[in-house]
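Okay, got some structures for you below.
Below are two complexes that have chain A in common, paired first with chain B and then with chain C.
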Partner chain A sequence: MDKKGRRYEVVFSGSGGQGIILGAVVLAEACGIHDGKYVCQTQSYGPESRGGFSRADVVISDRPIDYPMATEPDLLLAMNQTSCDRYHPELKADGLLVVDASLVSQIPAGRTVAIPFTEIAREQFGTEMVANMVSLGAVVQLTRLVSPSKLRAALTARAPQHTADLNRAALNAGIRAAKKIDVACLENLGAPEEEDV
Partner chain B sequence: MDKKGRRYEVVFSGSGGQGIILGAVVLAEACGIHDGKYVCQTQSYGPESRGGFSRADVVISDRPIDYPMATEPDLLLAMNQTSCDRYHPELKADGLLVVDASLVSQIPAGRTVAIPFTEIAREQFGTEMVANMVSLGAVVQLTRLVSPSKLRAALTARAPQHTADLNRAALNAGIRAAKKIDVACLENLGAPEEEDV
Partner chain C sequence: MSARKGQKRVLLQGNEAIVEGALAAGCRFFAGYPITPASEIAELLSMRLPLAGGTFIQMEDEIASIGAVIGASLAGVKSMTATSGPGFSLMQENLGFACMAEVPCVIVNVMRGGPSTGLPTNPSQGDVMQARWGTHGDHPVIVLSVSTVQDCFEITILAFNLSEKYRVPVIILSDAVVAHTREVFTFPHAREIQIVDRALPSMPPEWYIPYEDSPSGVPPMAPFGEGYRYHVTGLVHDVRGFPTQRPEEIKALINRLFRKITQGFHEIQKVQRFMLDDADVSVIAYGSVSRAARQAVKEARREGVRAGLLQLITLFPFPRSSVESVLKQCRGVVVPEMNVGQISREVKRVNRWECKVEKYNRVDGRLITPKQIRQLIFKLGT
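And now, the complex of A and B:
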């Protein structure tokens, strides 16, 4: 279910305190450093950043990347309602929306996976701070963009040492939660049609 | 000495363990979230990433940014010799090269500031891990891209709580080190000529 030879765009979005950028950096390094792909990872800030919104793009390809930002995301992770409302219109026609069901109640129609990342983080680990790692685990399980072992290696190299065990456990909780999703109803996932160039 | 109305490109470069990306993210958030500028911050990974090289771009502007990566850097921070050799040719004609004098011995001719960031980190703080913050403080002091107080605010929001005091002290050490630089010999710095559009 690899996305060989094509450009795959992921947008992580949420609020400033949710660790959106760390999630994006870990995915980028898992794919770029540990899996040898071409990856661009970008944050943009503008006047709206002062409102506490956070967005991070990851573009992954087997070939050198021309434009480094997501223009038509294959996957949007929305960790709050505002991000979901704001970025969902950009999603590709057959793109996948992954929302934090703890914080997003109004979910647009379409190919959507809703998992309560924040609730899982709080209930299983006693802190909402690892909701970003729970969601990252789920994103990787759903898309098979990179192997869980390479994802864990990237996380270990990037996150502070004293949080390594907690972060790894959160990642695994996200992987488990995503395994329960009925992927039969997400038929395009992992087997994208060839695009015209 | 503000860079009002123009695009300013900074490239942070070094090896994987030097905290290059954190430095770039903190500068981006100081300018973007705390100072209301338009900022794009990008990491790219390719086959060479497996060699342990790390590069992070920050593009800062008062206007919306078209292309998010640095194409002709105004400032290159090189935290090791390989990065210096590799990225120096991209530097703008009147651009500023800032090198870690602890690790870069062959310094290209031109507008260059050499400060022993790693040595300062080790000698003053007992750990080389904060060399990235020492260098970030120096970059901001040399360029006046953002005020030290906004830089500190961004650092506090981004870096792990338990390292906040250490990181802030390292930032200040970099600011102090850069204040000793004779800026008279860096005449273009902070007062860029108007560019043709």
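And now, the complex of A and C:
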């Protein structure tokens, strides 16, 4: 959050079963409980328990929050192509798009970071289930919304005990992957002009 | 954030805050049937109630659920159920029984899109009039609405208190957005919470007249199983609880059922006034929509429009005098709702002034945005 008191909106999106909502809850808990900010976390999903769409919003502010949902997200995390296509138009003009490069192949123009979260989860931890924690680590590293130690504390409190080590390692893998990217260097090019192509 | 030392701060969902509120209010019985978007209330109470010495029962359907709630309440235990539109429809008959037999109980309806099974995972405010008039016959009932996690806690306590004090079913209308919004909640100290319990008879069992009138109109309620034997029926009854057809007894009962509520208007009809003192355009909203309205009002103020918000906490009995003072003062009032226009009818009904009442409705399963409300404020403000 650059300006003090400013409302910062994050949207996590993907398909049901990818742990989209848990990622948002951990972020909200880190910012709200461990960092003392005002937070509002909302969610919308289809009636299916797996598959279908899943979206979770986190609004973070230094002041009390009126409208609980994201209206112009500052950051959109898209964990599959459908949600990238569906929610990208809502992103703020200079907003940051973070996609799972393993599952999103057509990436819209603009400030975008592509990291293969699912691949990292599969290769380093042998399970795609922790892709949400890899992506959460990356989102926090890219935005500095909250310190990694507070994020880890929130995760430990929320995730089941026997998965604590695995989740923490996944979070760290995401942080490491995002460290290689300098967000300041991502220029907002907007849509390319015809003569640029 | 101002958290005093030693107070527990947690991230809670609206549904979870309703559970905390119910437990704090002294609720020790829940009977229900799971339904999206209300299921978390039952899920959490199934774990918490036994630990608090209470009882949780998952019933075969919603008809039985409210039946069990009424039975538990008659036995002297504060009781509640939680459901959504389809289940609330099934509860209507027994809800009428609770009104007639004056059995305190709290019914949470987390509204989703309707009619019928409708839109299970999307918000709506389509059950407002059903909450007031869903069960047949002239009957008094109290309907409260919640908009934030804090509300869910406080208003659930209020619902139990009013229900106990007036011996009337209280319906809490929530919606899928409020139910599933997580916010930081700070638990108040127990001593900060005011709890009201039903009046118990002070006379011995042989002198007890279960439905005897008094200045308050609310007879003391004896718990079953403690020696006070009386008859409970859905038929129109005399002061001893037995069916009657005598006009003077019928009239006395129905009039008392209404009088006990009208005498309590001052503490039943709750609203929240926001930036209204000098407003000339106002929004009248409730539930999750009032959060969008509050932001819209702040934004309109920044643009120089003198906007205000009247947030209705109590929907019924309709807080007429608070609404009238806004209508008298403003040249325009916007009533945004996630239905085709239910509270806007009430606002128009009580409007006797030059104020222009504009309704704004959204029925696509999405929450109304601040931008949509702001545009209407500007339209009425210029």
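Criterion: the second predicted complex is superposed on the first by the 175 of 197 C-alpha atoms of A that agree within 3 Å, B and C clash if a C-alpha of one lies under 4 Å from a C-alpha of the other, contacts with A are read in each partner's own complex, and residues count from 1 in each chain.
We adopt the following convention: a residue touches a chain if its C-beta (ideal position, glycine included) is under 8 Å from a C-beta of that chain, and two chains touch if they have at least 3 such contacts.
Since we're looking at a predicted model, the values are computed, not measured.
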State whether A:Tyr38 touches chain B only (first), chain C only (second), both chains, or neither.
both
Identify the partner contact of A:Pro68: answer first if only chain B is touched, second if only chain C is, both if each is, neither if none is.
both
Does the superposition put A:Glu9 against chain B (first), chain C (second), both, or neither?
neither
When the two structures are overlaid on chain A, which partner does A:Pro160 contact: first (chain B), second (chain C), both, or neither?
first
When the two structures are overlaid on chain A, which partner does A:Arg50 contact: first (chain B), second (chain C), both, or neither?
first
First (chain B), second (chain C), both or neither touched by A:Asp100
neither
Tell me which partner A:Ala28 touches in the superposition: chain B (first), chain C (second), both or neither.
both
Output check: A:Glu128 vs chain B and chain C. Expected answer is one of first, second, both, neither. What do you get?
neither
Look at the residues of chain A and decide whether chain B or chain C touches more of them.
B
Residues of chain A contacting chain B in one complex and chain C in the other
25, 28-29, 32-33, 36-47, 65, 68-69
Taking the touch rule as given, give the residues of chain C at its contact with chain A in the complex, in rising order.
1, 9-11, 36, 120-122, 177, 180-184, 288, 291-292, 294-295, 298, 367, 369-371
Contact set on chain B toward chain A in their complex
16, 21, 25, 28-29, 31-33, 36-47, 49-50, 64-65, 68-69, 157, 160, 162-163
Tell me, which parts of chain A touch chain C in their complex?
25, 28-29, 32-33, 36-47, 65-69, 71
